[in-house]
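Just so it is clear, A, B, C and D label the chains in written order, and each chain counts residues from 1 on its own.
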Amino acid sequence: MFSSALFRWTLVFLRRHQTLGLNKIRYRELATASDSFKETHTNVCSHFTTEVSMKKLLVDVDCGVDDAQALMMALAVPDVQILGITCVHGNTSLENVCKNVLRVLKVCKHLEIPVYRGATKALLEQTVSAGDFHGKDGLGDAPDPQAPGLELVQKEGAVSAMIRIVDENPGEVSLVATAPLTNVALAVKLDPSFPKKLKGLYIMGGNTDSRGNTTVCGEYNFAADPEAAYIVLNEFICPIYIATWEFTCHSKLPWEFCDGWLAQDTDKARFMKQIFKHSMKSSQSERIEKELVAGQGFISCDSYAMAAVIDDKYIVETEHRAVTVELAGNHCRGMMVVDHLDLLKKTHKVYILKKVDLERFKDLMMNALK
Amino acid sequence: MFSSALFRWTLVFLRRHQTLGLNKIRYRELATASDSFKETHTNVCSHFTTEVSMKKLLVDVDCGVDDAQALMMALAVPDVQILGITCVHGNTSLENVCKNVLRVLKVCKHLEIPVYRGATKALLEQTVSAGDFHGKDGLGDAPDPQAPGLELVQKEGAVSAMIRIVDENPGEVSLVATAPLTNVALAVKLDPSFPKKLKGLYIMGGNTDSRGNTTVCGEYNFAADPEAAYIVLNEFICPIYIATWEFTCHSKLPWEFCDGWLAQDTDKARFMKQIFKHSMKSSQSERIEKELVAGQGFISCDSYAMAAVIDDKYIVETEHRAVTVELAGNHCRGMMVVDHLDLLKKTHKVYILKKVDLERFKDLMMNALK
Amino acid sequence: MFSSALFRWTLVFLRRHQTLGLNKIRYRELATASDSFKETHTNVCSHFTTEVSMKKLLVDVDCGVDDAQALMMALAVPDVQILGITCVHGNTSLENVCKNVLRVLKVCKHLEIPVYRGATKALLEQTVSAGDFHGKDGLGDAPDPQAPGLELVQKEGAVSAMIRIVDENPGEVSLVATAPLTNVALAVKLDPSFPKKLKGLYIMGGNTDSRGNTTVCGEYNFAADPEAAYIVLNEFICPIYIATWEFTCHSKLPWEFCDGWLAQDTDKARFMKQIFKHSMKSSQSERIEKELVAGQGFISCDSYAMAAVIDDKYIVETEHRAVTVELAGNHCRGMMVVDHLDLLKKTHKVYILKKVDLERFKDLMMNALK
Amino acid sequence: MFSSALFRWTLVFLRRHQTLGLNKIRYRELATASDSFKETHTNVCSHFTTEVSMKKLLVDVDCGVDDAQALMMALAVPDVQILGITCVHGNTSLENVCKNVLRVLKVCKHLEIPVYRGATKALLEQTVSAGDFHGKDGLGDAPDPQAPGLELVQKEGAVSAMIRIVDENPGEVSLVATAPLTNVALAVKLDPSFPKKLKGLYIMGGNTDSRGNTTVCGEYNFAADPEAAYIVLNEFICPIYIATWEFTCHSKLPWEFCDGWLAQDTDKARFMKQIFKHSMKSSQSERIEKELVAGQGFISCDSYAMAAVIDDKYIVETEHRAVTVELAGNHCRGMMVVDHLDLLKKTHKVYILKKVDLERFKDLMMNALK
């Protein structure tokens, strides 16, 4: 709809002026500054008379296909402002992650969002391979000759940028982490006050029922850097929401939805179709079938964490538990440990997603490729 | 019913003659030997014309209340022959375990079944307390002044007896283990050929979803001797059936069933009511509520494993998986590890109980106190 | 010398009558029983007027070349009575170990000593290879066509025999263990009273300075079954003497001694020369040079532990410490841990050999091949 | 001596101008700039005709008494330029560490050297207490009312400063780390190129013979942050020199030396006497006697690492080995692992100090308090 498009345009405008330090603004004031806007669309402007709070996000990604899907979901939502995207090793090499993020920003016409280089390896460098579920380059091995160059990546490092940006927006930034938590852990090690300045932390990672998708009992993002996950779960005293591997499996969408999703007549949908082909094929492999909990389907893992920060009505049920990560162990290293018995005596508990409104989730997904 | 009582008497007779090496016998021949029997109950005897296979059992227990329930279930079934009961540390001290088994045998009028003393501690002696869910003495702290004395316990040790009995009945004995697996592990260490001479191994223990009831992620029987559980799961190449903690929780019965069960007008029911009082109260504690998966109810853990060996139609669904036990780890030591991804490359897999016929289970339970 | 030979003959006689329960006996009484003996050799008999205490030994071996050397040392000493030799996996397969022990007994003319079959694998079966330092067959791959057959091995198992023999000689038997401690650990698990009935336990194994000869920080005998070593160090409350890897390295003999030792004109020396060739060559490999602490030389590891039980004046200095075994760890699993700081709060401490009388050791070594 | 004093004055001058980017400078040129200097002291100036290379140091400390001793050793040497002192948790709290460093700088009249705040906790925050060997405040609990205030500590964080300073002096800076390695590990995680820009890394920490002084097998600096030590030993590809716990024990000085050292008539000696009293008393405790390897004596642990960077002729013998740190384990977590067998297949090896010139060391020590 027109008004919706206009609204989004306005917010893009807002976003591009993020350096002005605009945050909670009266939209009417902004509208007033633009005559044609004000005169033609008074019906829209009525929305603007109330104070609107932009959702400020930092996103930490190892940009495989599902990170791309999560990013596109956020980029498509008008009241979400991504202050920076920090890259980290994971689905593919750090360089590929940076390239992939830039490709996503280009197709979404948001190359103005700063991209930062983070850790190339886990804290202890005992790398666990992500396999090539998303292709060797993380985006389905469907290269784009016109892809933006790495010169667009910021000089400032990811960890430094995370700390600075959160310092500049105390209490306002939600951090969405859909990758091994190396960058996030380093942020708190460098600045112990980092977590308390965050509004919230949204993680895709870990597992609740010892169902590994990488090691016997370990989910990839946690198993890829168990010490980082341990540090984050121990030291981030802000509200933490976790979309675990089992949760995403239980929240899978039918492949039919995916077909309709990709069939949209937009550049974004065409881009997604291209980069997603590889993963869709991988999904039918014997190995992936073993990984999946509760049967086949379309699982955009990282998008479940992103949706939680975007849409306040999306989460229906959570479990509030102390959690940690097993660091030793022959089979359980990297496994998220849920303390049902309150044996760990931890005072800070996290919100483990148990049930979400899948209709709202589908809407956010559809919107991502519009 | 009369005929049933007679049938049971006959089997008791058979059982008491186990030393004669009788196993698969023609019941008619036996009946022929007893004139009064033959003449009066020809209708019963017609059942005896077919060959009946006695189910030969060894039961390894740390006789708490649920071990008692499982034993009473087996003792009440005519075609089950318990060749020996081996005792092991666990719910309470080894001495108490022996005493408790004798009390159960007395109330069931089966003091002829030999009872053996086994391990007093875990292989590594890093004892995990069972708490006093079942009372300090394991049977609800409801002592019986007329309880049989420990002089009834056999001189032969449990491990030696297990090996000998299975040697005398190759391929015919099912071992039901409802306790820490110390004795069972020692049996294979002493006689590597022990497992292949077993008909099957039925275990109550372990967990599938990292839901601990003792340590953060560990079920009691496995956590109480992780090395023993590891050895058993690695070296027992006979068919293994496991009733895990989560399975028993998901198969709980309503407390109403328990009420009816205990209300039976029998000595056994009165005995059970007495020894079960303590555990029933414990079940309502905050701690136990945290342990329970999927809500409150009546869970006779060990009975689920026993039912599997008694009634061939009881198991409805199993999962066939390679499993092992985490031995290291800060939180996961003692946790059963299910290898969904086939990463362990184990050729021998176990049957994890997923669904059982609860009506048949209820029948077996009711029958136990008849 | 004649008198010496006679003395030894008498002791062989005594040994063969071990089943009579003879232990501390007045040798004069025995001599009296034999007329020709008494009349001809009164000069010898004068020795017999004092009470002589036979040293009763159980020896647990994984008979490689140094186990053979240790056994031959003991077999050559008149007042040592070997009540049994228990075999266990280690330097080579259990079958080879049994064969090797029989070959040693044959060359020493002591095939009357009973040999028992023990554990084929470590408690947890996570086998660490011994390499082929002693040859694939453990005795230098120099087979003997006339070697005794395995039918000479006792039917009774090693662990059962250990328990029985010690039961029959309470407080009198010293156990010398020069192999992975699987059998020894199983003995205490089967009979918790086993250790307190022993006179002493003499172990070759473990290390004091984290100098591994098998894993980075682990000595072979301990690393080959860390749980067994852990159990033994925790549960054997008899006096324990340990000849560690570093100790044996620091107590090495010059190769010149070895030359003279092997050059003796005896069947035993010729046998030793044959079976030792392979290990002597191995000793010069680059790998072995890395293993050795404090330079090259002739190290008959197991003999250092054996000498301690044979000769009361051999030990010059020990360290009295609580020790245990690291069971977890990426590099330290199987390492002996010496508790210099008394942090483990263990009441039972062991004697770690620090300095021995090498001249007495050389005498025992020379005597072994006489 | 006069000329020496002048020489030192000149170097202090040089140091204070470090920000000018002066490094390898021709001293004659400098002298030329100062007329009175040139004319009066031509004999001194003759030394200046050769190119002199200042030794540029970063020092990372948890300033207890021995850190203070090491710092004072470096501050007293003319051709050593300390570019910054980074503080980290350890012997005492981070705040105390900062205060202690400032007190040392004040007594040495070098408050111009920038001091930076680093990590308050280990990477995983599983804190191991340092006990109060050096007193609760780390400097013998002998507070100075005139101590400089914490406002003198730099705003820039330690890790950031380390990276920046080394960036500004590529290939020229030696890092001396006499504390838990948290800061040092974070530097490489933030800037993977950090190690290769260093000239060398000098560590006091770790052990070679599993002789713990904190945990059963762990030396304090490594045990206090095992992951940090692991990261540093794995990722620092510059030359690494390690003064281990056992090495410092074997290199102890007689207490008589200490007496003479403290008896010097200088402010520095008086300061040292005051702050060292507590540790000297601690040294005679039963616990410390257990910790010490090879008997009693005066051990200024951190000074051994500092001397190595100051005096090129000090190191007499090193062992060149691959090393790592045990991260798991019940007793060995934090223990340095020396790979004598080359099993770790690491290409980068460290220099473990084995023997140093103790006369030179004594000279450096004496000079520290002059």
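Couple of notes before you dig in:
By our rule, a contact is a pair of C-beta atoms (placed from the backbone, for glycine too) under 8 Å apart; a residue touches a chain by one contact, two chains touch by 3 or more.
A quick note: this is a predicted structure, and the numbers were derived from the prediction, not measured.
Two chain pairs are in question, C-D and A-D; the one with more C-beta pairs in contact is C-D. Put simply, the chain farthest from subunit A by mean CA position is C.
Per-chain Cα centroids separate subunit B from subunit D by 64 Å. Subunit C and subunit D have Cα centroids separated by 49 Å. Averaged Cα coordinates give subunit A a centre that lies 43 Å from the centre of subunit D. Subunit B has residues 327-328 in contact with two or more other chains.
Touching chain pairs in this entry, ordered by label, are A-B, A-D, B-C, C-D.
The residues of subunit C lying in touch with subunit B in their complex are 119-121, 123-125, 157, 159-160, 182, 186, 189-192, 227, 230-231, 234-235, 327-328. Those residues of subunit C that touch subunit D in the complex are listed here as 208-213, 215-217, 287, 290-291, 324, 326-333, 335, 337-344.
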